[in-house]
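Following this line, the structures themselves.
Across the two complexes that follow, chain A remains constant while its partner is chain B and subsequently chain C.
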Partner chain A sequence: MTSGFSAAFAIAKKDIIIQFRKKFEAFAMFLFALIAVIAFSFALVSGGSIPADVGSAMLWVIIFFMGMFGFAPIFLSESETGTLRGLATAPIPAWAVYAGKVIYGFVLMGMVVIFLVPIISVLFGFSFLTNLALTIAVLIVGILDLAAVGSMASALTMPSEAKATVFPLVYFPTATSGLILLIEITKSIVLGDLFIGIGIMGPEQTVMLLFEILLAHLIAMLTLSASVFHFALSP
Partner chain B sequence: MAVSKNRLIFLGITAAISLLYVYMTWIFSPPDAVLGENVRIFFQHVAPALVAYGLFGGTLLCGLLYLWKGDLKYDILGAVSIKLGLLFTTITLLSGMMWANAAWHSPWNWDPRETTTLILWVAYACILAYRSSVSDREARAQFGSIFGIVAFPMVILSYFSIIIWDTIHPRVITESGLQMEVEHMMTLFVAMIAVTMIALIMVDLTYKVDSAYEKLMRIRMSRS
Partner chain C sequence: MSTKAIETSDLTRRYGYRVALRKVSIEFSKGGIQGLFGANGAGKTTLMRVISTLLRPHGGTITVMGFDPQDEPEEVKKLLGLVGDKPLLYDELTGIENLRFYSKLYGLQSDFFETQVEELSQRFAIKTWLEEPVKNLSTGLKKRLDIVRSLIHNPELLLLDEPFSGLDKDTTEDFQEYLNEFRNIRTTIVTTHNLAFGAQLCDEFVTLRKGVVVSQGPISEFDQTL
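== the complex of A and B ==
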């Protein structure tokens, strides 16, 4: 167990150091997000503003699309530089490779989102200040969820002949379930008192339920992916 | 090629039950108090929906079996499950749109149940597209199985969306039992049996065709 986690951290550390040297991917993701904001603004802005719940939902849609394009290199770069075999044949458990990549994906996306959230909240006109603690919790769980899904999707593109083209196809079905939950919870934070809850449940109960489902989803995706990763990494 | 006796019997029973189903849908079931004659689309919507979920469950099972045993037969069956699951989801969506148009005068309402079923359709279409991009047979089976397994939580979310979200989608099966007239209940029961049996026949036939095709490909490859 200890060697598994230390291997995972070593892999994550390697990727993070490379990212800090090149900075390319993080910067590209950030620019892509801004482009998406502008593109969406043409569709959504009416009367100079966007409704708060729509704007906050767009934040997650943009993060989702950023992942579609930012998580593909997680394994693609290993394949291109020829180091994928090294990872596959190293004397470490396969789940450790997966865990390391998830941590890296989380850090990569996290770095971009830290800058992105304040900018988008100003541009799209919504505020997370009504419940900052929950916002941070949701951001952390959400980005971890997307990183978990993105790393798995990246690994799955390896045997394909058109790796980059096929990545969105693999990423979408697995990430959408998380996306739906994230948008719902974020809407509740942003609407504040206006949020009514679902059915017979009150607003606080609804948010707690959704957050629990989100956590369950994260744990399910991580466990499922880590268990089958052994098959995804065969040399 | 002669069809085996058991298969013929199964085919015969399916034909009989299907005829019964048609009779029950059109003649036996009374018009609904609210929907009128339009209630008849209900049976052709619910049965394929549940069969589609079953087939996606079959995909998960075949994926797990392939990873465990390594026999390509499981992968062929898994691919058949996805294709037919897609077909039945299409039927579900189309019949659902017909019903929505009849009941609420708008074929698509972005109701969570409708939306998650659409997402399910796209998800499984993505699996098929992904599979066709992998040319190595064993790699396709291995990675296709993993993808099928990892995509399954979407099915679970789709199933529970009707419970979690406030939806206009009618909830027919509640804690107090089935909420509809007796004739409709009976027709639905027969519909389920008929559509399930038809689906099983289709799975069997498609599996045979796909297996034969693969065998043919292997013979061609070994000869060239």
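== the complex of A and C ==
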């Protein structure tokens, strides 16, 4: 019998290969993100840049909505073609199927974000270089968090006849708490030395605290989703 | 160790308010080919899905090859192969990529996998089609590939839900011959609404009507008029 982790990577690899051959979701996500960035840059840029608080929110709102293109169909196509039954009857733990989809969602969004961030940096007049390590860490944890929430929301809405309506109703409230943290941390990166922290905490303390809460959110989402995922596979 | 492949007692499953299986109590022996008969909507597919761990029962008990699918789903899954109404194949992948993907999920050794692919692809005449994306294959070829997929890990329990629909005469005969060859070492459960065909193929039978068992026993006791 194969281990849960190797099964998860096999599922993710299979989905990535299929995505490269179909190209649909990645292209739709990238196109949406590009149009949104250009539209916002025309509307909001004044004096060569967007205000940091508005720009940080715009960045994550674009990634958040972009995720809807990628995550909504993550289980839908498997459910409609019947291949989900192949995964559900394989001798692997149910969480491995969930983990495979999270890895796939992370890679899919990661590919788009790699192209998107430099474009945003230029068009919004942002510099992420003031704290590159934190930028990379926030993007990784943020995308993983959205992938964890999006994959579970997609699985939960699978049995519904109104998937397109129900998916945002599940995805929005569960992802919003992580989204607020991501916006605050990104704001601190873009502001650099101008960031003064929240309340009585200094800037570094604030960022560390926000990042720890974000990590806790990610761990909670992954653990909770993985532990109940067998109910989604075998209703 | 139980001598029964499947044992259910008062098994109930609902879809919303509709009862698909109502207090179903059946027994299928290990080994041989067992038939699950009934008209469309009788509950055959629902019962197959409960056996294969795809659905949870809402009442009663079930054991599959001596294991409880609720408590030990992975033990059950290791033993079973499933051919359903739709092929469990990815259209964008080639035949061999599909088989390789499932072999990873089943943790097969590469030499065992190669031997199985060689033997089964020749047996079901799909060897020349293995490098082709599944979306380019005809319905019959997809079905044959799906049968190979279900057998790739050499399952002890084979669940076939209307397996001969979409197959041409030659492939149907080849598949029947294959099932007969393994009759003594593997348990095969076949659902069909073609009662004459089922009576000819199976050793034991259960007939369902509207989710209720109306008859069961050795095939010699089967009455097609019921």
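Here is the rule we use: the second predicted complex is superposed on the first by the 220 of 235 C-alpha atoms of A that agree within 3 Å, B and C clash if a C-alpha of one lies under 4 Å from a C-alpha of the other, contacts with A are read in each partner's own complex, and residues count from 1 in each chain.
One rule holds in what follows: a residue touches a chain if its C-beta (ideal position, glycine included) is under 8 Å from a C-beta of that chain, and two chains touch if they have at least 3 such contacts.
All values derive from a computational prediction rather than experimental measurement.
Undergrad: Have a look at where A:S234 lands relative to chain B and chain C in the superposition and call it first, second, both or neither.
TA: Once the two structures are laid over each other on A, A:S234 reaches both partners.
Undergrad: Touch check for A:S79: first (chain B), second (chain C), both, or neither?
TA: neither
Undergrad: If we overlay the two complexes on their shared chain A, which of chain B and chain C does A:N131 touch? Say first, second, both or neither.
TA: neither
Undergrad: After superposition on the shared chain, which partner residues are touched by A:T174: those of chain B (first), chain C (second), both, or neither?
TA: Only chain B is touched by A:T174; chain C is not.
Undergrad: Check whether A:K14 is in contact with chain B, with chain C, with both or with neither, and answer first, second, both or neither.
TA: second
Undergrad: Once chain A of both complexes is superposed, is A:A162 in touch with chain B (first), chain C (second), both, or neither?
TA: first
Undergrad: Would you mind listing the overlap between the chain B footprint and the chain C footprint on chain A?
TA: Touching chain B in the first complex and chain C in the second, residues 234 of chain A appear in both lists.
Undergrad: Which residues of chain A touch chain C in the complex?
TA: 1-3, 6-7, 10-11, 14, 17-18, 21-22, 81-83, 85-93, 230, 233-235
Undergrad: Once bound in the complex, which stretches of chain C touch chain A?
TA: Answer in residue numbers: 52-56, 73-74, 77-78, 80, 82, 84-93, 97, 101-102, 104-107, 149.
Undergrad: Given the complex with chain B, which residues does chain A contribute to the contact?
TA: 152, 156, 158-162, 165-166, 169-170, 172-174, 176-177, 180, 198-199, 209, 213, 217, 220-221, 224-225, 228, 231-232, 234
Undergrad: Taking the touch rule as given, give the residues of chain B at its contact with chain A in the complex, in rising order.
TA: The contact residues of chain B facing chain A are 67, 116, 119, 122-124, 126-127, 129-130, 133-136, 139-140, 142-143, 145-147, 149-151, 153-154, 157, 164-166.
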